[in-house]
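I've put the structures underneath this note.
One chain, chain A, links the two complexes that follow: it is found with chain B in the first and with chain C in the second.
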Partner chain A sequence: MFQGLTLDQAPPYTIPIKFYLTASLYLIVLSIITPIYTLHVYSRYDYEVIALTHIFTLGFITHIMFGSLFQMMPVMLSVAYTKVVKNAKIIYSFLNIGLSFFILGFLTNITYMLGLGGIFLAGIFFYFCFISLKTIFLSKEFNALVQNFIASFIALIFATAFGFTALLGHFGFVDSVKYGNIHIAFMLFGWVFILIMSVSYKIIPMFFVAKEFSLILQKRLYILQLILLLLFAYAQIQENIFMLTIIKILLSSCVILFAIFSIKILKQRKRARKDISVNLWYFAMSNTILSATLFIYASILHVDIYIFIGFLALFGGIYPLINAMLYKIIPFLTWFHLSSNMVFEAEMGNVIRKKWMTYQVNLYFLSFSLFLFVPFFHSFIIIAAAVFFFSAILLFINIVTALKYYNEYIKKKVVFE
Partner chain B sequence: MTIKDFMTNMHRECDHLLTQAEDLLDNKKFEEAHNKYDAFKTQTLLHFAMEEEYLFPLLEDKSGMGSMGPTNVMRMEHAQAKALFEKMDDAYKEHDTDRAFSLGESMNILLQQHNLKEEQMLYTMMNNTLAENTQEIVEKLQSYGN
Partner chain C sequence: METKKEIILDVSELEAPYPLVEAINALNILKDNEILIFRHRMNPQMLYQNILALQLQFDITKEEENEFEMRIYK
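What follows is the complex of A and B.
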């Protein structure tokens, strides 16, 4: 009954931090190779675009999500992963091996690498879903949060299966575009979006002392998303364009609805002081609304602006949201682990210097703005990527600073005989 | 009113007091901010006392789980908050706004995640285990510290 409420189940500090550090390294890699590979690409189907997108989604987003879930599950659901150290090591290793093969496969067009990468990645995603669902089902409650978490993992299972199927298309077995679209829909509208919703339902009221999201939203939106995603898969396989368009509009509307509610709740927060995280959250939600609106527009009028929509959703919506969460979670995590070890001298405000967080976020804003000019002046991609390189380096340094702070203070831990 | 309702309401009151103290601090109304912070501290410590001196022992006794289970973790988090109070006292006394906000942030997140665990798990458990005496317990909590 009381699983989750013991300190033993909290994973060691180094587990989430290792995932976060690696995630920021992938951002550095991404900023370096973006100008090299994208100067002459224009379609989302180009292998270079697929490779770069996956460096971002698997290298950055997935590392942050997996690392955070190991840490947050005990707090949010009062249940924790069993054998967390071993499982984290397995997932970390295979995710990175798989990702390396996968990216190299796309960039070099060596098919056996693609295949190996796909097998490793699908395997590790299924494994993560398995251990996560097993853990979630240990929860004695079946509240909205638990239901949302389950839904996001169900979406991840489908996304992985369709992603692997789409990969088979590169070997000539199936239509990779068709299955690729379903994979993207399940990943973005399912796994990522539902997980972000689940976490936001708790994190926004928690961090900003704001009102709870309405229960109807918490209990119904994920069901609607899952049903729409299944219908999307059906319509895509049947190539029913009319049905696809309707579903795309409905899926995007759900996203817009959530983003509007988030902004409204944030505006009414009791902790009224503005900080970097609040600004990033607003920025993320505004871009989410914009990208979803453009997606509706593109679906109705059949305009091919999907690279731009993808950029807005991933780099303008999901990235700043994660950045915002990191600057709340890492300082707290560092301080919490230290004070749990009776090291009370540490202070959350000293874990990462506010000035450096601001520099990093401002560089991100600048690079985002510069990327917006790329459709008009393609060479802007070099400047934008260069600015983002410095932002990614700063993010990496800020996380290292937190780790160094922890290592320095944990030496002061009092061990009782 | 259930035990969970009563204790959850008290969580919200404490949240509100801290945010009010910070708003006043933000507006450089140091005296009023300090008073509000004192009210927050008093209310939070009273809440901790209700749990540590009364509710936790009752639950531990009735459920037979002893004092080394989840209630022990909650007590440890109370200790973390108490250590933070000592630093916040100084920051509010010295009108050190930046430090007060930074410590307030730690306090806020610490309490929020702590409250989440209590509301999600422990209070539900109390509602079930101590159901027969709910009325009496809530009355006692209402007059606690008087």
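What follows is the complex of A and C.
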């Protein structure tokens, strides 16, 4: 009976999958080199810490976000990137070339590599912002989702500009720490947080049969967040510590507010069934609340626990949330592409085996718990990274499984003469 | 004016992708003298291309938080 979707604008299935597979490969690399480079680091300013953080943020998070946007933009906003195959190839290539130079530059302390990596990365981020904003403005709607998407790209433009400025500090031109802090704020509280909010507004009601987020939250929170970020930049440049502390508290409060609403909406969902993505979501939101609370505490009392906060926010908050989204988005995309090719036997629930998703997520939980012991027993980093290595391998295998499922079923495509 | 027979399709308690599947199934068999009243908890962005492809008309009759209703007809 079901006679297919007619989304001609959708890019080929292989585009997002290539980004997702590469992202999981970076996780594997990260788990291998973490014990090698972090046994003797204690400050967030150490080059090794910066390199590893960027393998995670650019290697994993950025690949997932860019890959998803190429695919989800037509689904969510009914507008598609023009020349999507060509643009995806350009972005994928330059992102990886830039990232390689950038990471090697930090790990080997070779400055020209850092500079080259920075130029490639800044160029590709600005280019992605340009083509994305151009696409978003083609949308006939100006709903909350469109507004949030625009806000996240504005934050990304600022984050990239300040990141590149901070990099100049490594050549002695400016104060790296000052501009680095603004870069981190715009990246985390701006680009990543606002994009995660935007996608959550859509994904939670869509996949979990839950209520929608309040429209006030959807239409106001991103504005507040952007204003606070601009004030943060001003206060940081002026070195106004009091103002900075107040803004950090407000920024963190926005994050806590969103996390509490997410938990509340998920708790009230109509069909409360066991679901690995829901567990990951709760875990992510709990760690997000904890890390934001600790950030407020550290800002007020000037306690240097930023490595732990960073770990909690990135590895305990953002990572599981993305993992949860992937296990909803990948099966949906696989089904969607097969259906639009008139292959109707495909079932979303069979794209990735639940057992394997559970193994992967449980290994991640175990690895996260082991990492918590590292401040007390530094050698635990080896065991924690080893467990995460297997989790990352399983994530990679699960994505390959989805690709194989697609390849197997697409053979059944009916071609009409 | 001819009164069209109303067919109510409520997918507000189904998780993705089933609301879309049910809606497309209903659109494909919609007759000239029928009107589909589609109820969901959110605006179904992906459905519009199918509506246009089948050259159907639609009116959104309710779009509030957690409530969406659309009338689709030939």
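Methods note: the second predicted complex is superposed on the first by the 411 of 417 C-alpha atoms of A that agree within 3 Å, B and C clash if a C-alpha of one lies under 4 Å from a C-alpha of the other, contacts with A are read in each partner's own complex, and residues count from 1 in each chain.
Rule of thumb we're sticking to: contacts are C-beta pairs under 8 Å (C-beta built on N, C-alpha and C of every residue); 3 or more make two chains touch, one makes a residue touch a chain.
This is a predicted model, so every value here is computed, not measured.
Within the superposed three-chain model, A:349 lies in touch with chain B and out of touch with chain C [touch as defined at top]. Touch criterion not met for A:239: it reaches neither chain B nor chain C. Contacts of A:76 after superposition on the shared chain: both chain B and chain C are touched.
Contacts of A:212 after superposition on the shared chain: chain C is touched, whereas chain B is not. Of the two partner chains, both chain B and chain C are touched by A:270.
Residue contacts after overlaying the shared chain place A:408 against neither chain B nor chain C. Of the two partner chains placed around the shared chain by superposition, chain B and chain C are both touched by A:335.
The interface of chain A with chain B overlaps its interface with chain C at residues 1-2, 4-7, 75-78, 205-207, 209, 270-271, 332, 335-336, 339, 348.
Against chain C, the residues of chain A that register as touching in their complex are 1-8, 75-78, 205-209, 211-212, 214-215, 270-271, 332, 335-336, 339, 348. Contacts from chain A toward chain B in the complex involve residues 1-2, 4-7, 75-78, 141, 143, 202, 205-207, 209, 270-273, 328, 332, 335-336, 339-340, 344, 347-350. Interface of chain C with chain A (complex): residues 13-17, 20-21, 24-25, 28-29, 41-42, 45-46, 48-50, 53, 65-66.
The touching residues of chain B, when paired with chain A in their complex, are 15-16, 18-19, 22-23, 26, 65, 69-70, 73-74, 76, 80, 83, 87, 98-99, 101-103, 105-106, 108-110, 112-113, 116-117, 120-122, 124-125.
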